[in-house]
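Next come the structures, one after another.
After this come two complexes, each holding chain A, first together with chain B and then together with chain C.
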Partner chain A sequence: MNEVRVGVFVCHCGTNIGGFLDVPGLAKYALSLPNVVFAKDNQYTCSEAGLTEIKNAIAENKLNRVVVASCTPRTHEPLFRSICKDAGLNPYLFQFVNIRDQCSWVHMQERERATEKAKALIRMGVARAVLLEPLEETEIEVNPCALVIGGGIAGMTCALSLANRGFEVKLVEKEDRLGGTLNSLYKLYPANEEASKLVQDKTKKVKNNPNIEVLTSSEVKEVEGFIGNYDVTVRQGEKERLFKAGVIIVATGAETLKPMGMYGYDGENVVTHMELERMLKEGRLNADMVVMIQCVGSRNEKRVYCSKVCCPTALKNAILIKEAKPNAQVFVLYRDMVTPGTKYEDYYGKARETGITFIKYSPERKPVVENGSVRVYDELLGEELVLPYDLVVLSTPMVAHRNSTDLAQKLKVPVDENGFFLEAHVKLRPVDFATDGIYVCGCAHWPANIGESISQAYGAASRASIPMSVGRVKTEPLIPVIDEDECSGCGLCELTCPFKAIQVEETEKGRKAKVIAASCKGCGACGAGCPQRAITMRHFTDEQLVAQVIALAEVTH
Partner chain B sequence: MTFQESFEPDILGFLCNWCSYASADLAGVSRMQYPPNVKIIRVMCSARVDPTIILEAFIQGLNGVMVLGCHLGTCHYMTGNYYTERRMKTTKNVLKNVGLSPKRLLVDWVSAAEGERFATLVKDFTERIRKLGPLGKETDLEPQQLRIRLVAAKEALAQQRIRWLVGRERELVEDKNVFGEKVSQEEFDQLTLQTVEKEFAKRRILLSMKEEALSVKEIAQRVEASPREVLRNIVSLERDGLVSFVGIEGNSPKYRRAGG
Partner chain C sequence: MEEKLRAVLVIGGGIAGIQAALDLGDMGIKVHLVEKKPSIGGRMAQLDKTFPTNDCSICILAPKLADCFRHSNITLHTLSEVKEVTGQMGDFSVKLHKYARFVNEEKCVNCGECAAKCPVKVPDEFDMGLRKREVIYPYYLQGVPAVMTIDRENCLYLTRGVCRICEKFCTREAIDFEQKDTDVMLNVGAIIAATGFDPYDPSGIPQYGYKRYRNVILSLECERLMCASGPTGGHLLRPSDNKPAEKIAFVQCVGSRDFKNNRYCSSVCCMHATKEAMLAYEHDHKVKSCIFYMDLRAAGKGFQEYVARGEQEYNISYIRGRVAKITEDHDENPIVWYEETQSSKTNKMTADLAVLATSLMPRKDVKELAKVLGVELDEYNFFKTDPLNPLDTTRPGIFVCGCCREPTDIPESVAQASGAAERAAETVMR
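Let's turn to the complex of A and B:
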């Protein structure tokens, strides 16, 4: 039973591989390698016919290792692993060899040398396959309670969505009331509903929901643990609250940039849109000549990004001013009006019809705010204009919350170069973090409008409810194993691991490192640095890697 | 045809699953053409690459090794490539001690979107190694001498002193040590260099001793170092319990490998 029996399947991938390499020759070569008892070339190994051949070959030839030489594990490894599993073979006894993306496609003019390279790659793959070990995924239970950090529109929506599914929610808000940024806004584009009404409705629903506990004037102090089993410490004034959570949603929102020292900003005659909103809300606006300047402090060297919500916000406020005071003159000085989507493009059209004047400026010749007038070079007209003003309104971008990096460190999740929380994958996993069990929504992730924040909140709630509904999560078997006799308990691995997945504990044998499988992401950084070399990284062991190195050396001389 | 012209370097590449391996796939999908000298081993993170495995590749006679990870700050595992950077910096120092050009080890960062950059890196590195020639061409060492030095280097990199130091670099340089002191980058680099030199010298001594009892003088001849330096390292090896004192020969102390 201990005899290692490797089967190798070499794929033509139509002509993608077959057209550039001697594929039948590769299969023949594979059969000459140690432990290989079966080798065959297929037109398409990933086709129904190809997969059936693998299954049959496993049964007929008692294969206990399968090597497929075809495309990339990044797309096809899950498929071949599942076929092995169907055939009763542990999926971790499968080895992929990439002879298409990294061979036939990149050496199209050198059939002979490319075929030799493919042979080397197959030899390396087989050498590793021989040493592969069966691995089992283990399961852990998930506590059906969600921690939602941030009580703005995203956090409240997410909390409600989870609570309505029957999960317990702890909603932590640092201010003394819920609502977040919405509390500072007047009306919301594009339908002009009152922000305060939206806050009131949501707050009421949140407060009346028996599954949600709201913790205002509170901040997350510490988070320990892993998906399914987080230990959370929340500081509420002098008190500290401790509770357990299975998942965490980051909905901490963003801040708007205060344009200190820019365009004569003084908070009175030169204000931000946030301040204008308050003036409008309190009915304090008294200006007949209003000049708005877009892209203040954004899309420059320091902040290269477009904050996206400022153009529609300026349109909305310009329209509101015109509606309140039809005789008022409103100028919007812009670089590019960013109003994608049918509703917002119409909104721009409406603003033009209302009689608002749009003037394009270039970043090379920025407008200058002087005493009582704004000088601007009109890019389209090709001449300088002088616009007298009663009020200048600056469109400043949303910037990451000043505490975002601090929170990111507590949660062990990344932020991008601007300090916004960084998702696992921009398209495939837009509300997940790479760390399982933690999700993000709203402006904490990136400037978003109310509609987008709500959509993301539903998305995050939906993603977060998966592990809670199932009640269990599978843990990755690609984890380190500690040789306790070798481990000196020095703690370097604990220091190295960014996920707190390895910790030194007191044991009967003294201080020893212990792996927390559920937190481990399987990178192997701990093992490659262990001073005692007491850590073996499963599925990527030193032995397996060295076997590949030696296999390569064997064919090269 | 001269030897120089016919030399085709054999190169090993360690690529991380998330960025550099993906960039190699992208180069393929984009049908970018590059020389077939590099053979790739996929790892989940560049930080999985233990420096001893790099040395193993050279011991096995490969001519160059490339380790490619995600760009700094974008590691899928957040900080993995910072460890790669520090460990590979030390590995290059070790190669210098062996007498090899550190240029035989390439450490660089490629994002999943940089297929073209990957192809360029492979092309340039293949050319670089082609110019450097077969392994050891840059030294006047015999193949067997080179091999012993590489084995000594690999053993030095497996030692806790170097691994511990490299693992603590960030902590020591950016934070403070247990005595509340901060070490400057220059001081740290100097310390690492000295440690690498010392550990390498110690491993060479051990390898040269084999099973015999040798005087410090004899060892000094074998490892081409001064008896004074050998003695210093021997004392350190004795403290580690790796050699034991057996007596005095002439005026030179004699040692034997412990447990052997």
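Let's turn to the complex of A and C:
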């Protein structure tokens, strides 16, 4: 097995690549490269047919390196690696060459030059492939205990589901009782259930479940470790609690914006919907003329997004007011009514039938709240209206929880530009973080109604249960190796590492860097920064990278 | 404990069913994934790109298809339908009807030699009838399993007893006209319905002229036309004369928010129209798109920003107004008549192409399936759920996710799919 035998597969990706590059020519070119004993083009290398071809070629041509020139490792590397593995080849002897994103897509108009560039990329890939070394994955045990942060509807749903499946759950809530945002709500749309009843039912179930330990008035102070083995410190008043967890679910919810200085907000005659709900709940609403204004503090330059739940919330409260006081007049000033799906559109219809008046305004001519009346330019009527009011209700958006950035730092997970937690992939991994072992659901991720929060909570429970069900996880071997003779213990790597995966420890040889394999994401920042060159990134060794650069510099055949 | 675990049946091999199956399989639970079509992939496989990142749809889906196919805990049943369900939560007996493919899945390598010789051509369903395919065909290029299928409705041999040309040219002896439909009995502890949607047929709104005017098309047809593996190789050409479409009218709420048709909002159309308009501009910078909408519903993560980018960088105009009718001039250019509500004026616009954002409806055969499953549907024939138990149907042990419970975008479908998997796992692990 000493002879290096490389097989190269060049993908047409339909016309994604094949329409812009000379793909058969690339396969032919690949065959001319050193150590390449097999090369072929495929319509779709990732299709079952393409994968079978790779497997067969490995067997028939005794390939010990596989290069695929196609799309991106972000989506397809795991698949091709596992095919190599199925065929008996160490998966780390696989090399990806991206000729779609880096070639056909960006040079659509230049077929010849793009093909030349693709040749160079393939040449570099082959040069590196020759130097690849087999690597072994290691397995770590997963503690079958979940830490759920946040005791609102999402956190409680998630905790209950995992507990029902036999996993241990620690549910941490910063307030002195469970329920979260639901505690501030009166009734829930669209079925008018009492929020307090839902909280009571869920709280009872959570408290009676022997697998759940509820920690109220508690906050996560520190999280160390990695998937399967987190060391969690929770502060509960003066006390500190330490425990181990295998997975973490973030269900910390969101806050609603306080509209300070907007539309004459005073908390009495001009209130938010949260404040209105309290008035309704306590039966102290005393207003016959109510004007609701949507998109207060959202869909503007500072906060571009639509908060999704405010339109149905306004409909709900408007209907509740009309039910309590059929003679009351309720106006809803809106920009776009956002009532998607089967249930909310009907709800909108019901509101119109109830006699609630909807007036469309534009952001260029916003309503003005004056003493006793609201002036609004009705876009559809083309006229300015003056609406006297007893009460103005402002629909303010959900905003990220003020502690979300702090918690994100503790967990080493990202937040988006609005401070909401950022999932691993916006389409296909909506409740995962890119960091294995940590998951997100409910309004911590994005404004969501109760049904969505519950669905996502079950979703996050499912994802979190996978490593716990299996009981162990594999860790990628793409980690740095420290040359202890060269390491001076300066600690720069520890400072650089964004994943807390490297730390300097006292050893017999003095202060030396040590890698925590399970936390390492293989980013290579430590290796790039090491002034002593004591760190070698496995799978991305200097030798392999230099070989690529040399191959690039070669003149095309 | 593990030996006692019962399997889970997942009905529907689109993105929701696939995600539910993968989660359960990864938990160590056996899954039967049933798909009526010859390959899994569902509607997501038909899309060109996905909003709001414009990721290539099949590119992000394909690894999941392969994962499903290769997963040791997942058994795929393509060309199969659920015919009978008896028993109760924790112990259901399920009868599957598996239609003959007339191609041996083990032997076929999808080389296409057979199709090249097949003398009959019929409209291709996956490409929304915009292209003809042979009667022995791959459901779509990246389909899984990647094997050919013989369409029994149109095969000369199966309908008239003559031909068998494909059989002669198959070097691997994979064609098998002796294959029979079979019934498969399964025992499962829980069931997940993930059967997705069908687009509304706008023939019900004759004033829009769909099928009467060649340059009035559906959004899903637009997706296929823009897709590199679609019938025009990714060029947005108008069906009447194959000329590039430069002025495009996107007509929203076709069959949705409509008292005569579906009262509900289909949730995803504002965004996919924006996406299609963006992609059209990416293909050709001369493209100008107008989106005729009622309320712009862009409430998901990054959606408002996406719409703003569309307006600023992709030559898209959003016009608030419901389209009253579409007519056509002598060059077959669609003329869109609408009321511009901001100015209360009636107006018309001549375009090269009109794209109808048709509502997402339950699959046409959903009533039969609901009957087999013994679950209730809501007034629109989506699977009935309760807002506080959003993934549970009316029958214990049967769960639901994705567009068959309500029109839903991909991320929400995926989150629900994982959620339905969790509900099913709770049932079988108890």
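Everything below uses one rule, namely that the second predicted complex is superposed on the first by the 458 of 557 C-alpha atoms of A that agree within 3 Å, B and C clash if a C-alpha of one lies under 4 Å from a C-alpha of the other, contacts with A are read in each partner's own complex, and residues count from 1 in each chain.
Here is the rule we use: a residue touches a chain if its C-beta (ideal position, glycine included) is under 8 Å from a C-beta of that chain, and two chains touch if they have at least 3 such contacts.
All of these numbers come straight from a predicted model, not from anything done at the bench.
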- Message: Looking at A:Thr45, would you say it contacts chain B, chain C, both, or neither? Reply first, second, both or neither.
- Response: neither
- After superposition on the shared chain, which partner residues are touched by A:Ala525: those of chain B (first), chain C (second), both, or neither? first
- Message: One more residue to check, A:Thr536. First (chain B), second (chain C), both or neither?
- Response: neither
- In the superposed arrangement, which partner chain does A:Gln294 touch: chain B (first), chain C (second), both, or neither? neither
- Message: Just to be sure I read the superposition right, which of the two partners does A:Gly14 touch: chain B = first, chain C = second, or both, or neither?
- Response: second
- Query: Is the number of chain A residues in contact higher for chain B or for chain C?
  - Reply: C
- Message: For A:Thr396 in the superposed arrangement: first (chain B), second (chain C), both or neither?
- Response: neither
- Task: For chain A, give the residues common to its interface with chain B and its interface with chain C.
- Result: 72
- Contact residues on chain A for chain C in the complex? 13-16, 19, 43-44, 46-49, 51-52, 71-72, 75-76, 78-79, 82, 86, 161, 164-166, 188, 190-191, 193, 198, 299, 304-308, 336-346, 349, 362, 379-380, 382, 416, 420, 425-431, 441, 445-447, 450-452, 454-463, 465-466, 469-470
- Message: Applying the document's contact rule, which stretches of chain B touch chain A when the two form their complex?
- Response: 10, 12, 17, 21-22, 24-25, 27-29, 31-36, 39-45, 47-53, 56-57, 60-62, 73, 76-80, 83, 87, 119, 158, 160-161, 163-164, 166-168, 171
- Query: Along chain C, where are the residues that touch chain A in the complex?
  - Reply: 15, 19, 23, 26-28, 50, 52-53, 55-56, 59-60, 62-64, 66-67, 69-70, 109-111, 141-147, 228-229, 233-234, 257, 263-267, 295-305, 308, 341-344, 378, 380, 382, 386-391, 401, 406-408, 410-412, 414-423, 425-426, 429-430
- Residue numbers on chain A that touch chain B, as the complex places them: 72-74, 98, 100-103, 105-110, 113-114, 116-117, 120-121, 124, 412, 414, 417, 434, 478, 488, 490, 492, 495-496, 498-499, 521-525, 527-533, 537, 540, 542, 545-546, 548-550, 552-553, 556-557
